[in-house]
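One structure follows; several queries about it will come next.
Letters A, B, C and D mark the chains as written, and numbering starts fresh at 1 in each.
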Amino acid sequence: MNILGLWNYWIVIALMMIGLYILIARENLVKKVMGLNIFQVSVIMFWVSIAKVRGGTAPIVPEGGGDVIYSNPLPHVLMLTAIVVGVATTGLGLALIVRIHEAYGSIEEDQVREMDRAEE
Amino acid sequence: MTEHLPALQTALPLLAAPVCVLLRRAALVRVFAVLVTWSCLAIALSLLQEVLGHGEISYALGGWVAPLGIEYRVDILNAYVLVLVATIASVVIAFPLAGRELRIPKERFFLFYALFLLCLAGLLGITITGDLFNIFVFLEISSLSAYALIGLGRDRRALTAGFSYLVMGTIGGTFILIGIGLVYQMTGTLNIVDLSQRLPPVLGTRTVWMAFAFLVVGTSIKLAAFPLHQWLPNAYTYGPSVVASFLSATATKVAYYVLVRLLFTVFGFAFVFERVQLSALLLPLSLIAMVVGSLAAIYQTNIKRLLAYSSIAQIGYMTLGLSLANLDGLTGGLVHLFNHGLIKGGLFLVVACALSRVESPRIESLRGLGKRMPWTMAAFVVGGLGLIGIPGTVGFVSKWYLVLGALDQGLYFVAFMVLASSLLAVVYVWRVIEVMYFSDEERAPERDDAPLSMLLPTWVLIGATIYFGLDTELTAGVAEQAAAYLLGGAS
Amino acid sequence: MSQEKPSVSGGQADGAAMRRGLRLLGLICAVLFVADFFVEKHGHHAWENLPGAYGFFGLLACGVLALVASLLRKFVERDEDYYD
Amino acid sequence: MIEAIPPGMILILGALILPFLGGALQRVWLVLLPVLGFVQLTLLPEGLAQSFEFFGYGLNPVRVDSLSLVFAYVFYLAAFLSVVYALHLRDTVQWVSGLVYAGSAIGALFAGDLISLFVYWEITALASLFQIWARRTEAAYRAGLRYLVIQVSSGVLLLAGTILHFADTGSLEFGALGLVSVGTTLIFLAFGIKAAFPLLHGWLEDAYPEATVTGAVFLSAFTTKLAIYALARGFAGTEILVPIGAVMAAFATFYALIENDLRRLLAYSLISQLGFMVVGIGVGSEMALNGTAAHAFASVLYKGLLFMAMGAVLYRTGTTRSSELGGLYGSMPWTALLCLVGSASIAALPLFSGFISKSMILTAAAENHYSLTYTVLLAASAGAVLHSGIRISYDTFFGPDRGIRCDEAPRNMRFAMGGAALLCFALGVAPNLLYELLPYPVNYQPYTFSHVADQLQLIAFSVAAAVLLVRLGLYPKARSARNLDIDWLYRSLLPGLVQFAGRQLARLKSAIESRALMGLQSAVRYVQGHHAPTGVLGDPWSIGATALWAALLLVAYLLMAYL
């Protein structure tokens, strides 16, 4: 298998790095949540991609069975849970951001920290 | 009925959480939540007794047998952690909520209890389950409710603290998820026991190395191991004291449990300590955590922040025990898990008591409280002695094992550092005591102690630090058994 | 160094009582020295058996001690509020 | 029943009741406690041992033998006298801490294992601290902190040594240890700190003169004698102790001769006396150990008496500076007289306690052929005649009148001093009272013709030497000054070095800044302010920084895996 043959990994890694980069480099809290989402999505894609079996079909048993190769259904199911977790995280994060905006009048992390410092 | 105890352990608080929302009436909800939590403690204790008496318990959730189904597996290690979590939860939940520390009004206190029970369910679930993906799910349940609990703090900085915790916790959780995915990719199983058998043949592959790195870093974030501890100080400082008490005593401890489980059961001693040589990185980081955490604690002006930094140092002790990778060291780490839970849980409750009488958690505002709130402050002194590790308190027991473990490895320097950082603990504890007892007050303050309903839970934990400092059978005895079980024939 | 004060027996404190005391001291020393010739000795070192050995040792020791102490003082003496 | 209480506990527990009592009852209880303790001590059967299990290790907090008992008797006497001396106070803190201090020191004497010893060891350190802090001055506060740090370090060394020793031998018993391993060496150093070994003695001359009037009396009795006991138990016959003790006896004499503050002079004199005992332990023969115990017994009493007398002077006049005192005989005749008894005892005048104990150590040293040491100790004895025998009494009470007029010491102080003086005299007249308590059978007669003659000569000629030296202007004159000692290292040099390092760092920082080396600059900043709430490690970083760290750590683990 050559390097390009693992293209699904490259996509995952690229997405992950983009997500992490946004987390590290952006001060805007909403953007941070977006970065977090991209980061999570990359992992979900990773799980789903490893479930793919070459030549496999959707894991629905046809009537009467038959000699069919299926993709692994388990990761998809697990990722449903992970997506739920992701949604919950995003929801909670956004709710906190709303409150932060009410309390500080800003959602830029550096400005918020500056205000906190001033309060000390 | 009794055979379903493992399922009930998590199902009970999980189902009780929405019930809280339905009940709504604060007094009613409180009684209900207390009852539920105490039942959890009863279940945990009976599980521990069962395990000590008859060995491991395996419970197939929904009748689906492992490795396909989700297995709840209770052995001596997680029975021990379950008891700690349930104990702390039982005490903390009985502690009266103070309106001035929470941003929600009294008529919405039921939300607090719902979140608390959810968090408890998550923590118990992480501990009891024998399935890696299940660990991730419960971890997220407990973490999400913990973020919200922190955000309940009255100070607006609680919001930013909660948000930081959320982002970092999610990064940690996602790292863990990647790790689990990689492991699954290599073995096709998520069951821990199954994994421990299927993993050894593929341990040499890069995928497993990757999985290892992601899992360790992920749990390190949840554990607040140095230098990934940055979410912790603000979360504990600005979150309600009761929440800080609960989380400091349980959340990081459960994460430590996960780390131990991963390293010793899943990857195995030989891989972790001989091929990867985890200690080469973890040991120095632990030492730095001990020193930096203690030093930072010395300079804090806010007592909650001081305790939070002290937690970082104490977590350093626990990871130190782990990285020593011998019987005494691991026993020390595990026993410190329990002991520090008691101490720090108790100390944050002391702060909660104090905050029922003074406005601000700044250390200056504790001036003269030694006379005004003698019982509360006596509890602080006892807990502080525990942090220092005076013989007769639990802290001494942990440090004793850690030092023995270090000496056993010939690491005299490490043993020295353990003792030296105790000296630092003397300093930061003393700073508070000095303000409380030795400040010149013009007028002798009126005696005005916290109500009994607050003092009682506080003293239960603080008293336990003394009790378990003297009677070490349950803690050190069980921890040593658990350590021996984890190390197997490895050392 | 601020004020100095003669110690033990400063000149101005030399009253009649002091003079009498000193004479008594001299007498005691003399008597003890003379008496020492008639005391049977069993010291551990040879010099101890000489008559008046302890007396002269005391005299010598005090002198050396005082001299060394004065010397030490040159090195270690500072103002009283040195540390403040 | 009463034997079941660990010795010393009566004082500790009784002291804790003290704050809840009021008025006369409080004072009665205060005086009663040492008496009760003493009675309990006389009932203790020798050979008694109490033990209990402490997570798997057998501890032995009470072990009674003759070595413990002789020290315990004198500690109770000292506790009683100190309490009586402190009876005029209106300060519960000093009473409570004093009794806890005495009680824990007594408890330590009976500790049969190193862990129990450590616990008592630390309690004495903490409790005694309040005897200094209770003076409630800035200087006392700071001296107390320095004292605390050093005392606690001694405890830490003891604990570390205990652990190493335990790892080596599997035994926690506190018996003869000997300098055989790293562990026992650490224990030796821990004892050495409290015994004020040379270079480790700074805390003593630093802190004792800063203590309260009554605190110095408490302090002079317990901490150092406890260390002597511990050395005698653990390191009897360790040869290195002989030169250590000789050096202690000698250098402290020099310092005592030039010291102006009379309580600090007494502190040096105390070190010098400890030197005798340390030599005795080092010699290690039965006679030497008997001498050590006897000398500890006697010196607790006469040193306590001298500290009491100087305390009374401080209490009445507000100073103990030799350069400001003189002619107090008229104002305080009783104190003067009793102080003379103390001076006579420390000068080892026949009929006083020092005479019967000091000579045992000297004889033992000579018998075991430590000739040089013998000579040094003899010289130190002559020095003691000068500084503690003559100067203390003369400068305070008989020297040129400085015009100070004050009241005689309070009745309770006179009573305590009278008691101590009586004991000093009684021991001198009837040495067998003491000899019967000693750990080994005593085969020694201090009152031989030659010994009395020699000692009288030594004293008389030393006095004469003093007069001569003064006449010749060779005697170090009393003048207000501070003599530097080892504590200079941490009071002056260390802060100076830290400041210097700070300045250098700051300079380094600016140099680096000017070159705009970002990485190094942040490293320097990291070192500088790092732990404060506004510093890097004291203030949580932003989310991004932590995320970056997570990524970096991940890379580190991955690298570890691939390497």
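Everything that follows uses one rule, which is that a contact is a pair of C-beta atoms (placed from the backbone, for glycine too) under 8 Å apart; a residue touches a chain by one contact, two chains touch by 3 or more.
Computed from a predicted structure; not experimentally measured.
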- Note on the structure: Check: interface with higher C-beta contact count, C-D vs B-D, is C-D
- Message: On a C-alpha centroid basis, what's the spacing between chain C and chain D, in Å?
- Response: 28
- Note on the structure: chain B and chain D have mean C-alpha positions lying a whole-number Å distance apart equal to 44
- Message: Could you work out how far the Cα centre of chain B sits from that of chain C, in whole Å?
- Response: 71
- Message: Can you compute the centre-to-centre distance for chain A and chain D, using the mean CA position of each chain? Integer Å is fine.
- Response: 67
- Could you list the positions in chain A whose residues touch two or more of the other chains? 20, 23, 32, 109, 113
- Item | Shared-contact residues (touching 2 or more other chains) in chain D | 533, 543, 545, 547
- Query: For chain C, which residues are shared contacts with two or more other chains?
  - Reply: none
- Examine which chains touch each other and state the graph shape they make (line, ring, star, complete, other). other
- Those chain pairs that satisfy the touch definition: A-B, A-D, B-D, C-D
- Note on the structure: In the complex, chain B touches chain A at residues 133, 136-137, 140, 144, 147-148, 151, 156-157, 159-160, 162-163, 166-167, 170-171, 173-174, 177-178, 181, 184-185
- Any idea which chain A residues touch chain D in the complex? 20, 23-27, 32, 109-110, 113, 117, 120
- Item | Touching residues (chain side chain A, partner chain B) in the complex | 20, 23, 29, 32-33, 36, 39-40, 43, 46-47, 50, 75, 78, 81-82, 85, 88-89, 92-93, 96-97, 99-100, 103-104, 109, 112-113, 116, 119
- Query: What part of chain B is in contact with chain D in the complex they form?
  - Reply: 163-164, 167-168, 171-172, 175, 206, 209-210, 212-214, 216-217, 220-221, 227-228, 230-234, 276-278, 280-281, 292, 295-296, 298-302, 305, 309, 390-392, 397, 400, 403-404, 407-408, 415-416, 419, 422-423, 426, 470, 472-473, 476
- Sites on chain D touched by chain C in the complex: 139, 253-255, 257-258, 260, 322-323, 326, 363, 366-367, 371, 374, 378-379, 382-383, 385-386, 390-391, 394-395, 399-400, 449-450, 453-471, 474-485, 491-492
